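Handing you a structure now.
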Amino acid sequence: MKTLALVTAVILSSAATALAQSSAEPRLPVPSDDIGSVAPALETYAQATLADKLWRRPGLSVRDRSIVTVAALIARNQTSDLPAYIKLALDSGVKPSELSGIITHLAFYAGWENAMAAVAAARPVFVERKIGTEQLAPAHMQLLPADEKADEARAASVEKAIGSSAPQLAQDTTDVLFRDLWLRPDLTPRDRSLVTISALIATGQFGQLAGHLTRALNNGLTQAEASEAIDHLAYYGGWPNAFSAATIARTVFEQARRAKIILNTRESQCPTS
Amino acid sequence: MKTLALVTAVILSSAATALAQSSAEPRLPVPSDDIGSVAPALETYAQATLADKLWRRPGLSVRDRSIVTVAALIARNQTSDLPAYIKLALDSGVKPSELSGIITHLAFYAGWENAMAAVAAARPVFVERKIGTEQLAPAHMQLLPADEKADEARAASVEKAIGSSAPQLAQDTTDVLFRDLWLRPDLTPRDRSLVTISALIATGQFGQLAGHLTRALNNGLTQAEASEAIDHLAYYGGWPNAFSAATIARTVFEQARRAKIILNTRESQCPTS
Amino acid sequence: MKTLALVTAVILSSAATALAQSSAEPRLPVPSDDIGSVAPALETYAQATLADKLWRRPGLSVRDRSIVTVAALIARNQTSDLPAYIKLALDSGVKPSELSGIITHLAFYAGWENAMAAVAAARPVFVERKIGTEQLAPAHMQLLPADEKADEARAASVEKAIGSSAPQLAQDTTDVLFRDLWLRPDLTPRDRSLVTISALIATGQFGQLAGHLTRALNNGLTQAEASEAIDHLAYYGGWPNAFSAATIARTVFEQARRAKIILNTRESQCPTS
């Protein structure tokens, strides 16, 4: 409840107001003079549609919604209200090391300068909340074990797609992303996938969305959660991007269903014991 | 003429200069030291190509050009010169309630934070021009009548496309957008369509452009106006986006022509009286 | 070496630090407190992956990498660190007139307001380095000779694609872009192509990428350079955009190879003497 009140405060306040109030003050829904004085309807949508409905829907936790929103804002380079949403993420259970991991992940999936801008937005929040490096994941960590077989298949598919035209990029995809970044334990693979698909959808980059959505399901994101994330991103990434994403999700979900049926049929035919 | 002089002032001035001069001062074309001192050719293009040609072409009114430009800048989150272009919009006949409606519309079609940034850009202009909420559309208004039959067809098509993968998004598309936002009378459906296609083109979101272009023609935007808007957006949204939009427009215009021929043929075969 | 040290300084410093130090001070790699205090891993990637590896790869010169990076940042409207990268460009051999040409080119290929933001970012650097207009290309220059036959083919193809739906855009494409902007001698056609494809890739605008990549090869950019540029843009434009670009490059490179084989075969069959 406290978190949901903060949600309202963040949405209804201008960035400046939210920053001034959110840490010190009671996290009550404060109507923002700014929005209402320029667009009265927008203030009503903020309260009735976003704060009271969208963020309270049970299909996706407030923690996940804040991860989706932070990822969308970083990927879209929209930093004005990012500090307020970073605070909201911290207040709804996202750990500082996870925020740090999200920013690092998006340096590669959204662009280096997006991460630099996110660092600048996160820094004052970390200072204010006395979050020191001891609360963050160190630069070098014991990596998660790689799924060698699956990664070989991935590398072969990358090699086929771009090995002849961009061999260095194919190499970096393995060395920098899948044998390093994706194996860092500061984010769970499921959250890392959620961050990735949120960034892709929020910026309308659909070329790799089907692949990353499939990976997300394999990493433990449920179809229901992915579906709610897409709806959430309609608000923070614009309706057209979400709509296009939903059509891609339909195909991915159907393939997942067929793959499962085949698997189940095989299992019933070929018992393992 | 006065408005066209202001156009030149806006284009040729840096944001700061334009803001300082446009309200108090005579709206004369002032060459900007800033542009010329970094890129002399760019200053010439500003005067000769944008101010003297593009904005004066009769195919699209200055009012419409300012709507297209404001929509493009909000959708692209480019707020430095947005206050100057908002003033230009007000000076060329866009009502404060319409600007308010544009920002609200784009909260959903471009992303919530784009609207928040637009509110921050519009606020000082509204204060300076003493535009109070009595000049804005209220949050709750008598909505325009829905075209029930057409909207049922739209909802069925959405349901087919994304109903299985994103049921909540399909529901919100009806409840929030087409049974509410699109029926608000603070923007005419024709202007709302112009804002929508401008945002889609300026951000290179082509998945729904054909549909929204068709809707725009049905809402009273002429093909000639849509065509000029695409050319205008080459300058404010980048040439490649406009070029891609023009290829989609070709298909949409051809379909509209064929649909009309079929209709005319039917009418001549089946006289209504 | 001095330039590479500056590269490190730019990447590892926050924008503010880099600006403060780069001109007066020795250009040493200074670890940034900012990045490390929010994301320790990101600081390591900055040094080990970007500064020590990416920028030092011989496949693309530091001059070209700085052109690619500046073009990407302007096209993506990411101006915080743009002054630091503009300085790096100047220090690695990009002439002020070329930077001016890049900004002017991107006014049309990325959007007018992107160029305005770039002007604002470049101005203080030009002032600090005492770069006057005498070092810049004048607004009016003797244009490069047009390849009439090739441009007629281009115009015919544009006419076919968008002549019916956007005749003004088709006309402006000839008058403003290919009979004027592209013929300005302040950028070599090869560099102009490099700027164009960098902007397209960094913003995920793939509709015209194949055409501009083919043009780039014709203008003297090698496949190896284009390939390295795509890898470089994975870091500054996000991995997904670079990956999609690499799949398009594969097709373009294969077509170029086939065209060459056909040409060679013809030449051996039909000796010219």
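Observations, loosely collected:
Each chain gets a letter, A, B and C, in the order it is written, and its residues are counted from 1.
Please note the rule applied: contacts are C-beta pairs under 8 Å (C-beta built on N, C-alpha and C of every residue); 3 or more make two chains touch, one makes a residue touch a chain.
Worth saying up front: this structure is predicted, and the values here are computed from it rather than measured.
Superposition angle, subunit A onto subunit C, using Cα atoms only: 120 degrees, a multiple of 5 between 0 and 180.
In the contact between subunit B and subunit C, the residue numbers used by both copies make up under half of all numbers at that interface. Computed centre separation for the pair subunit B/subunit C is 30 angstrom, with centres defined by C-alpha atoms. Each of residues 77, 204 in subunit B touches at least two other chains. Contact residues of subunit C toward subunit A in the complex are 11, 14-15, 34-45, 49-50, 57, 59, 72-73, 76-78, 80-81, 202, 204, 206, 223, 227-228, 230-231, 234-247, 249-250, 252-254. Contact residues of subunit C toward subunit B in the complex are 75, 77, 100-101, 103-104, 107-120, 122-123, 126, 133, 136-140, 161-162, 164-170, 172-173, 176-177, 184, 186, 199-200, 203-205, 207-208.
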